[in-house]
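The letters A, B, C and D name the chains in turn, as written, and every chain counts its residues from 1.
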Amino acid sequence: MAPVVIDTAVLERHGIKPDEYDRILQLMGREPNLLELGLFSVMWSEHCSYKSSRVHLKTLPTAGPRVVQGPGENAGAVDIGDGLCVVFKIESHNHPSFIEPYQGAATGVGGIIRDIFTMGARPIALLNALRFGSLDTALARRIFEGVVAGVGGYGNSIGIPTVGGEIVFDEIYAGNPLVNVLCLGISRIDGIVKGAAKGAGNPVFYVGAKTGRDGIHGATMASAEFDEKSAEKRPAVQVGDPFMEKLLMEACLEVMKTGAVLGIQDMGAAGLSCATSEMGSRGGLGMSIDVMHVPQRETGMTPYEIMLSESQERMLLVVEKGREHEVEAVFDKWDLHAVQVGEVTEGSRLKIHERGVLVADVPNRALTDEAPVYRRPMQEPSWQKAVQKLSLSDLGSAPPAQSAFDRLVAVPTIASKRWAYRQYDHSVGTNTIAQPGMSAAVVRVKETKRGLAVSVDGNGRFCYLDPHRGAMLAVAEAARNVACAGGEPIGGTNNLNFGNPERPEIMWQLGEAVRGIGDACRALGIPITGGNVSLYNETEGQAIFPTPVLGVVGLLDDASKTTTRIFKRSGAVVVMLGDNLGEIGGSEYLATLHGKVLGVPPALDLAREASLQKLIVGLIRDGAVESAHDCSEGGLAVALAECTFDSGGIGVTADIALCGDKPFLSAEAPGAKVEGLSGDWRTNATLFGESASRILVSASDEKLPAVIAAAKAAGIPAIVIGKTGGDRIRVTVDGKAAIDSLVADAEKAWATAIEQKMTGRAPL
Amino acid sequence: MKFSVVVFPGSNSDYDAFYATSRVLGEDAALVWHKDTDLQGADVVILPGGFAHGDYLRTGAIARFSPIMSAVKAFADRGGPVLGICNGFQVLLEAGLLPGAMVRNDRIKFVSRVVAVRVEQTDTPFTVACASKQVLNLPIAHGEGNYYADPAELAELEANRQVVFRYSSAAGEVSSAHNPNGSLNSIAGICNRQRNVVGLMPHPERASEAALGSADGLVVLASAVKSLASLSFSRN
Amino acid sequence: MRARVYVTLKPSVFDPQGRVVADALVTLGYQDVKDVRQGKFFEVELDGADAATANLSADLSAEAQRAQVEALRAKVETRVTEMADKLLANPVIESYRVEVLP
Amino acid sequence: MRARVYVTLKPSVFDPQGRVVADALVTLGYQDVKDVRQGKFFEVELDGADAATANLSADLSAEAQRAQVEALRAKVETRVTEMADKLLANPVIESYRVEVLP
């Protein structure tokens, strides 16, 4: 390669800081050439190296009796019995989705699917967690429309059902939407294949789409803040090819069954650079390739471009020498042509050749394990304490409960997401037992009686107000949703969406959130088996809310025993498990009705949360309850209404006890006392407060004593609040009328709110 | 009896059809690769849902040239029962085994939900076990299920009773309000003149077990088993 | 008046659909097909523009008429280009060309 | 040599995509948009055809050269029309037009 003077301008273009360059010189023992610098640039980017978050991620609990594979591989895996494991991971594609919503989201889906089948697992479900600005703006509508179409476009085509997810709308995400996608697959435990090189002399194969100039420096883009200039340096956005990926998936799963594949890795961020160096360093071996053999879509590509390209739908395989023909035969069947690009070598160097000439020679661990690790300074934001103060008297008067209820059921964050999920094929694969629209998705595991419940949850507002507690609440909510479907939480994955980590306040948010995830996961017995970090989620210096998204997977021994949020019949007793403390800090109610994000998020007693989840899983397993629904955004009133939706119009009559006037004095939140909680304020806090650890269940008169007894044994309050029946949602607070709506009216507002925003007219 | 399910590159409901016929219905079933030329002794052929060849160009357009399609054509010509589900229906249209064509859903977007479908004809191999005007709850999942035929063709289809399924309300009334994609005459499925080749957009194989929300679709597959006793055609 | 907007993926952007069509053509025996790129076009029909032309034609010289038509075409072109920019093409991955029909 | 195949839905077939684009344009303030029809086109690149032209050009009169090129264009047109017939367009709902590029 032609010698290039590596000056500050070159380093800057590669996003390499001066001290990082010193480290490169030290690791290399000489000056790198431009290609080598390119390798360091992409591999040491935040996206690939986790350099800012690594010290924190290390603190997460990752072990457990069921864990088959923890973090570090392409995806995590957890034992589900019968020799099978569930393989899952979550991944973000936030920045590309802002630039090109359809393709950004589509290629995000493609990327996470590859992570799953790379492990030897057949993907059976997709979920997503999305954040957009307000649907009252044309920009948010355009991004939302494109992202949903892209998620569907890719998943539908490849034939993996999108079975659930969550969508939140808040102006804070207007210039930086979040697109987090979780994929889950099933594999035999002994069928897991890892992304490590094995055996010097074994051939290295490339298969899939040809390499083009797309996305060069995509990984570094994902690690840079948006500013006005980024409009110019827009790299070519990749176009997803779900058909190619479908062929790759089928062929790879088939080829892995031959046993001739010793290691496999997809080429995602940082493309061939990442796949070759990671496979080498994981296997403690080297790799030698010649870019001449890499199939190319464009002419005149340089080794630099070939190594850094992020063309989609490509895989790298280490094959047992002598069995090449078996591998080639399978790929040929699928009209894919696997080509040998190099071989595994002794030592630990990544050697890249161009027509036989050595053009890069780097110790592979220098690119991976020895990437810089930063213990970046953390500082609680100066405004943190101020936003936790909530004085109701400053907010004026409280609206009547009825009008607050009417507004809340139709606010896009709470409203039905059917406009989105009706664009997702959720029935393909014939495993989907609980479809989108339920609290958790449930898929069955064919050939067994088992089922898996999955949920993704996160609450950016809570995390903004208190990142530690907000993150604990996210874990608790995801696990509780899974438990409400009858699943015992067995593993988790997380996506950390934050701003610029070079700012101490952002780093503090990240550190606190990770600490919260760790605390909650330890208490609830949920090992974290993987995840993803997305930093620099900022526009013009404005960071998003810190938004950790938790994906929790739960196991049902008998999938047929699952239940949903929906009331099944008239005449059932409605019971609230847990305490109604009227906590309105950070609630949807405050944001929607008063335009404020203030206060402390609800308190969370982790021991009690764990008992509650055990309780509900047991009740569902024993068939003691007919429905179960977690109370979250919109509180008890909205949760009650949601139980009536999709039931065919079964109403409910309930009376709720007024919450206390000092619900905020829990030991965990000193100083968080809300002033002015009386009158209508107190009624609204009772109905719309978002206290954690609450589940609404319905049960028959005969089963009621068993439910009460089980709750008592678990130390969880169980309060009978009403009965199902009629065609109205009637809620009184301490006997005083508060809400009285026809189910049909409330349901229509809830079901069609998003469609109306998107089409500007009432739906058919 | 044996169901042969054709696998095109990009088929994604092939295994679902295989599972429903073999595991749920308990019949023999085989997956047949599109490059093969032999249907493996099929009694019934299913062209499954999916995105054959990515559905790039047009749905079903490239798949019709697959080697296996000559065998499917010959099988159909001999009177063998052929069922095209969703993408399989689109392939049958492109291959000329059924008349008409598909255009984009009238509301453009991909539609995935359960719809009610009324059985219009019970004298096809895939509806003999249905009651007349029976309403089935079946999932649809497609972006291009908006059936089109020119006016003369459409009139002929109706005159020959070739419309086998129509979108309807739960009570069985047909109206534009219950038409999810803009199909002419609310058509959800049709058959050929000989009545042995049937194509439909809804997915009966995805509604063949109560655990999945509906077992209404099983009657479509079970019909094939029932009809076979009375049908006579040569397998080779 | 009518105009067409032709939209194509930028040359640097991979076109999976075109590739599959090209493969299909080769399989069908057209071995000489080297590449296929797929694009789309929109034929936009605008109201009023024709009426405007009609109105003017009567009491003007041929040259003045031609100038009027030219001005109208230019206006349509600007307008449709604006539409392409705003809605019909995605500037991140696509480029477009506008053609005003006679 | 390159040729383009333009494919459109027949006028009798309702074009939902065109309708949606037209509606969107009106919503964006282009009230004078009367109708939009969406079509697609394929740019087919054929191998060898150029080489053939190059070979011939040297020792022939300008006229003969032109005739040769014309013959080649005609050949390409026939060939691409065949492709359109067989694969690129569905005659039930679509019509097409072939244009050989210079």
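Everything below uses one rule, namely that a contact is a pair of C-beta atoms (placed from the backbone, for glycine too) under 8 Å apart; a residue touches a chain by one contact, two chains touch by 3 or more.
Keep in mind the model is a prediction, meaning the values are calculated, not measured.
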Starting from the defined contact criterion, work out which chains touch chain A and chain D both, please.
B, C
Pair joined by more contacting C-beta pairs (B-D or B-C)
B-D
Compute the distance, rounded to whole Å, between the mean C-alpha positions of chain B and chain D.
34
Chain centres from averaged Cα atoms put chain A and chain C apart, in whole Å, by 41
Roughly how far is chain A from chain B, going centre to centre by Cα mean, in whole Å?
36
For chain B, give me the residues that contact two or more of the other chains.
53-54, 56-57, 62, 65
Touching at least 2 other chains, the residues of chain C are 16, 20-21, 24, 28, 38
For chain A, jot down the residues that touch at least 2 other chains.
241, 243-244, 335
Strictly by the criterion at the top, what is the full list of touching chain pairs?
A-B, A-C, B-C, B-D, C-D
If we count contacts the way the header does, which residues on chain C are in touch with chain A in the complex?
9-10, 12-16, 20, 23, 90, 92-93
In their shared complex, chain A is touched by residues of chain B numbered 9-10, 12-13, 15-16, 19-20, 33, 49-51, 53-56, 109-113, 139, 141, 143, 177, 203, 205-206, 208-209, 211-213
Show which residues of chain A lie in contact with chain B when the two form their complex.
149, 152-153, 156-159, 241-244, 246-247, 333-335, 421-430, 432-433, 435, 444, 446, 559-560, 764
Where on chain B does chain C make contact in their complex?
53-54, 56-57, 62, 65
Report the residues of chain C in contact with chain B in the complex, numbered from low to high.
16-17, 20-21, 24, 27-28, 38
